[in-house]
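Each of the next two complexes has chain A plus one other chain: chain B in the first, chain C in the second.
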Partner chain A sequence: MGIINESVTADHVAGKRKTLDERLHPFMHAFPYIAPHLIIFAVFGIIPIVFGLYISFTRWNLIGSPKWAGLDNFRLIMTPGTYFNKVFFKDLWNTLLFVVINVPLCIVVPLLLAVLLNKKGLKGAGLFQAILYIPGLISVAAGALVWKMVFNSQYGMINTTFHLQVNWLGEQPWAWITIFVLSLWAGIGGNLVIYRSALSGVDQNLYEAAQVDGAGPVRIFFSITLPEIRLPLFYTTIMTTVGAFNVWGQPLMMTNGGPAQSTQVLLMDIKNLAFPAGPSAAGMASAMALLLGIILMILSIIQIVFMNKED
Partner chain B sequence: MSATTSSARPQVASPTAGVSENKARVVTPSLIAVYAILVVLCIVWIVPVIYTISTSFKSVQEFMTGAFNFFPAKWVGDNYMRLLESSASYPVFSWLKNSLIISIISAFLSVCVVALAGFGYSRLEFKGRDTLFFVLLLISMFPTVVNIIPQYRIVATLGWVNSYWACIIPGLGNVANIFLVRNFMKGIPKELDEAAKIDGASDFRIFRSIILPAIRPILIVIFLFSFTGAWNDFLWPTIVFNDINKMPVTAGLQLLSSQMQGYSNMGTLMASTCLAIIPTLLLFLFAQKYFLQSLNITSGLKG
Partner chain C sequence: MALVNMRKIWKLAAAAAAGALVLSMSACGTADDKTLHFWNSMTGNDGVAMQQIVKDYNATNPEYKVVFQPMQGGDVTTKLYSVEQTGKNIPDLVIQDNFQTGVLQDQKLLSPIKDLQKYQPSLSKDNYLPTSWDAVEFGGEAYGIPLYLYQMVLYYNKDLVKKYNLDYILDDDVVTIDEINGLKGKLPKDVYALSLGNLPWVAMSLVYNQGGTLDKAVHDMKGDVWRKPLEQLVEANKNGLLNPIDMDVLQTFASGKAVFGLLGTFDVGTLEEAMDKDKIGVTNTLQYSADNPTNFFWQANWIQLKDPSRSEAREKASADFIEYVRTHFMTMAKIGQVSASNVDLDSPEYQKLPQSYFTTGDKERAMLRSSNYMYGGYATSAWGTFNDIVYGNVTVDDGLQLLQDQTQGQIQIQEQSE
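Right, the complex of A and B next:
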């Protein structure tokens, strides 16, 4: 490739000696194409990382210049009894609770549905899939208002239809359940489509051979289907987990963190600390974000290592 | 003729093939069970949306009586009229307009930036090209939570608080999209560009006449992804907008839901929700094929 390129660029350059200009030429040629992205990525992708790491070690109100504080923010978070310690670990616990319940739901339910939809002789699979997929295109803000109305204790569909008096949004465990319902409703579509196409890519001969050997549907699912689609399964698990750790909109809209802050998640307090009505504690918020970021980074590393192994 | 084909078939395959053909024709109990599960689930999935639509046409009086009807006793457009009239305090239509502008410009610029960069990183030769791209990809995997606060500071420095640009420009730095385009371009024969190059075509000419038409399918996917991504973006708009007239609809709905409580506002709140749902639903109806295809492209290449 390099040879072809040089023969073209040679027309433009008079001298035979390789000047700096000549060596830079291919890059300058490519620069107009990659520059728009590169500049935006530098400003909104690279600088924020460096800056974000730095301010985690500072005291900063978002307006003036950050004051270096060393490990103070992290020390406060880790010292039992402090306000930030209580907030961080309560939120982390709630976030983990969301992850631990939401991720399996958003993997297993679409996987089973994909198996059902790929069943031989089933008609209208496309329509079923479209209906299950659509909520994923609705924003969390709008989707939450839909379910808030359904779960409304006075006028909601569920309480009025079944003559219940459950305070869905204001009492546990109902408050969590409403959040999980919303997340499952909005969250299965994408994974469902991925699993369906992965399943249709599995060699049919494997199934036929297993049937001949007398394996039942459950045995076939665990011995053939699961191993055959392990890559998309793994990919979706990581993506869903990262998304779940970043949960914010669902509890904010449904319960606003309540009752008694039992559905308050990390991103809520990170945002509230950094962008409150009053003075900002952006340094502390950054430190918390960094701790959450470390968890997410470990997940990404696991993903990269696993994917490379498979290749 | 038929005798030769049937005898050429492997012996094991023919009986099993016969069984599966029978299964397709006869409705088995297990197939009925599958239909039942799917129908029930689809009803559960769609009923809340229908309930939202029907509630948006209920009058305040109907809420006051406390009588529950799934569909309004009388269909009225009051709630939508109220949104039109009280546009000063609840500018829902401005929010929709803002969201539409942000989403369209985001999607359009994403396609432009990604197509150019994808061409640069896969077709133009320069030293360290693949290393540079790999480094970008690696950096982009850094968790975005850490970036939010500094990004706000940068946006504020640029004077973009309460500006559409705050929601448009940062997203254009997406690297995953370039990764998709770059992989897609690998499927286009290089001989095409080289032949054009010998004929004296410039890089831009090659980009415009050969590459751009060839990568159209993936660009449509990126357009749709960017559009729905921008439309549904929630956390970021609540940070960079505080002017009620300039914010997109997700941030607006959040304000609305905290302010509109009680029966007198239920219908209006649901009317706003319906309006916020419509655009992406329409997009899905018209471009369903591309949406479903897009997920397979993204997962297939990454996974």
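Right, the complex of A and C next:
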């Protein structure tokens, strides 16, 4: 036992010297390749995040040195009755509402379209995919301008075609519906391409075997298609959820947060606080952004744990 | 072999990094490159006009050429803070509005204008509209130079006024909300009395019209100076006298669907393209009361951030350019901007322009108001809430409470930051 221990220790010591070199060598070799990304990620990712974290504990109007405020920004956000408490929780509720409806929409609709387009012998599938993908390449602002005209209550295409008198942008639930339509229109393409790619990788023998066993299309979809593409599904769910929590452009352009701030989402007020028409409240804005980040992180961790468990 | 490759890779990486560094350094322009950097948020028609003035100025072969750098409004402020923090690449010339001028002055970031007046004495109070100069002074010291004024003013469709016999409303050049409400039942269903745009800007005039001032009114958003006109506008909306909220304000007026249109002074060019010039009348902005009528104007100011490294030659060149613009402003005036300089205000050519209405004669000049109160912008940024109140999405009480919470919350944070 003692001999073994001595031998292990000697190997370990000898190995330690060697390991340092060996460990450095691959890093030095890899560094030039990863350096551009690493530097960009550090400059535009890590440093701003760390700085933002620090700012959230301060009062800062973007000039001079931030004044340390400890947890005061968070206290104001969490104290019922304060303006910042009202803003944060109202906006968070609106953001959650958007996430809860928009994420399933942006997962299910592209998935069903992908299954349809992957049907054997279907002609023009590539063309349809391209048509559905193009809105994702158009800026939200430009898309929203067109959709605002479509939904205009006086001369919009929908009201004039169907002889309706709906105030789409100025009343609920229509205001939210216009935002979901824009988000879905812009968001279908990205997930659709991922699902089509995943579906084309599913072993066709599985489908043939299921058909031989008498399984119908619904059973095949739930028992073969979904389990086979679960990894891309998890990936798109996480990415779509993160994107939905960061919603800003759609409500800003379509309804500007109205009516009565019912579509005002968190990022809109974070931006308004950081860059208002007066002195900035960057510390408070950072505190709200940090809380949003924590919520996002918790949700992402849950999703990843769930994904690994399933895997 | 592997070692040789590694060295090559590292050399390449080092060369690329050095190249990037050199490029970025050259972009910074550390040496005096004989150019003046002019930051502004003129991204519309105003940008096209100002760019023409810059081009004309550069064609005179000045020692320092001007580089016109337009960007989105908020981006100018953010970038100003960034360069102020680093102390590098501080622009020589900047345009900011009256409220932002107040914010930057309060933060002690601005150079006094006397630094420019040394080289161009004509950049002084005597040569500008007094109200506009008052708005760049803080404690008797000027920290900005007025460039132009702008606001929502009341246009009217001459044909519709005649058709519906509404001359009596315009007899005193003052249109009150009460008079708008008096049009209930006098207009056909598809013609609105008022196409209402940019309400918070109009609200400034309504506050001053009732004897209020922004520095006090911002701290009491539930006060009568805000409440009374909003209650009347709510009534106007209930009476079907206002355009629906999602109808384009300019289009509604230009297409003859509204008798009056609250549009910007800067909209005159677009209006004249959209409808017969002779059909457009212009008068003072909407008032609450016919007593003490006021036109609250925003203004764009020249400002200079403090920069210890700015040379005297550069300072002189900046003053020269500002003076050139002051004496060559007609290009901008033609797109609807109200000139702040006496050169234009006294010129027959300028007096033919519609916006000269607001600065011609002592009576009109006495109606002008402006403010550089640093928190003034907070009250004007809540466009959605003002509209929610008028269009009935929230009650007047709830809407004003929201405005009060919002402005006071932001002011409270600022006061705790000091």
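Please note the rule applied: the second predicted complex is superposed on the first by the 255 of 311 C-alpha atoms of A that agree within 3 Å, B and C clash if a C-alpha of one lies under 4 Å from a C-alpha of the other, contacts with A are read in each partner's own complex, and residues count from 1 in each chain.
Note that contacts are C-beta pairs under 8 Å (C-beta built on N, C-alpha and C of every residue); 3 or more make two chains touch, one makes a residue touch a chain.
For clarity, every value in this text was computed on a predicted model and none was experimentally measured.
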> After lining up the shared chain so the two structures overlap, which partner does A:A130 touch, if you call chain B first and chain C second: first, second, both or neither?
Replying inline: first
>> Let me test your reading of the model: by the given contact rule, A:S153 touches which partner, first (chain B), second (chain C), both or neither?
In response: second
>> By the touch definition at the top of the document, which applies to A:M284: first (chain B), second (chain C), both, or neither?
In response: second
> Quick one: chain B or chain C, who's touching more of chain A?
Replying inline: B
> Looking at the overlay, what does A:T82 touch: chain B (first), chain C (second), both, or neither?
Replying inline: second
>> One more residue to check, A:F275. First (chain B), second (chain C), both or neither?
In response: both
>> With both complexes overlaid on chain A, does A:L145 touch chain B (first), chain C (second), both or neither?
In response: first
> Counting only touches as set out at the top, which of chain B and chain C does A:N167 meet: first, second, both, neither?
Replying inline: second
>> Contact-wise, after the overlay, does A:H29 reach chain B, chain C, both or neither (first, second, both, neither)?
In response: both
>> Is A:L62 touching anything from chain B or chain C once the two structures are fitted on A? First, second, both or neither.
In response: both
> Which parts of chain A are touched by chain B and by chain C alike?
Replying inline: 29, 32-33, 62, 148, 152, 154, 256, 275
> chain B touches which residues of chain A in the complex?
Replying inline: 1-2, 4-5, 8, 23, 26-27, 29-30, 32-34, 36-38, 40-41, 43-49, 51-53, 55-56, 62, 113, 116-117, 119-122, 128-135, 137-142, 144-150, 152, 154-155, 157, 160-161, 185, 190, 193-194, 197-198, 208, 211-212, 231-232, 234-236, 242, 246, 248-249, 252-253, 256, 267, 270-271, 274-275, 282, 285-286, 289-290, 292-293, 296-297, 300, 304, 307
> So in the complex, which bits of chain A are touching chain C?
Replying inline: 28-29, 32-33, 35, 59-64, 67, 69, 72, 82-84, 86-87, 148, 152-154, 167-170, 256-261, 264, 272-273, 275-281, 283-284
> Okay, in this complex, where on chain C does chain A touch?
Replying inline: 6, 9-10, 12-13, 74, 77-78, 81, 84-85, 99-100, 103, 106-107, 109, 244-247, 374-378, 380-381, 383-385, 387-388, 391, 393-394, 402, 405-406, 408-410, 413-414, 416-417
> Which positions of chain B touch chain A when the two form their complex?
Replying inline: 12-13, 16, 20, 23-25, 27-28, 30-31, 34-35, 37-38, 41-42, 45-49, 51-52, 55, 63, 68, 70, 112-114, 116-117, 119-121, 124-127, 129, 136, 139-154, 169-170, 172-173, 175, 178, 194, 197, 203, 207, 228, 231-235, 238-239, 249-251, 253-254, 257-258, 263, 266, 269-270, 272-273, 276-277, 280-281, 283-284, 288, 291-292, 295-296, 299-300, 302-303
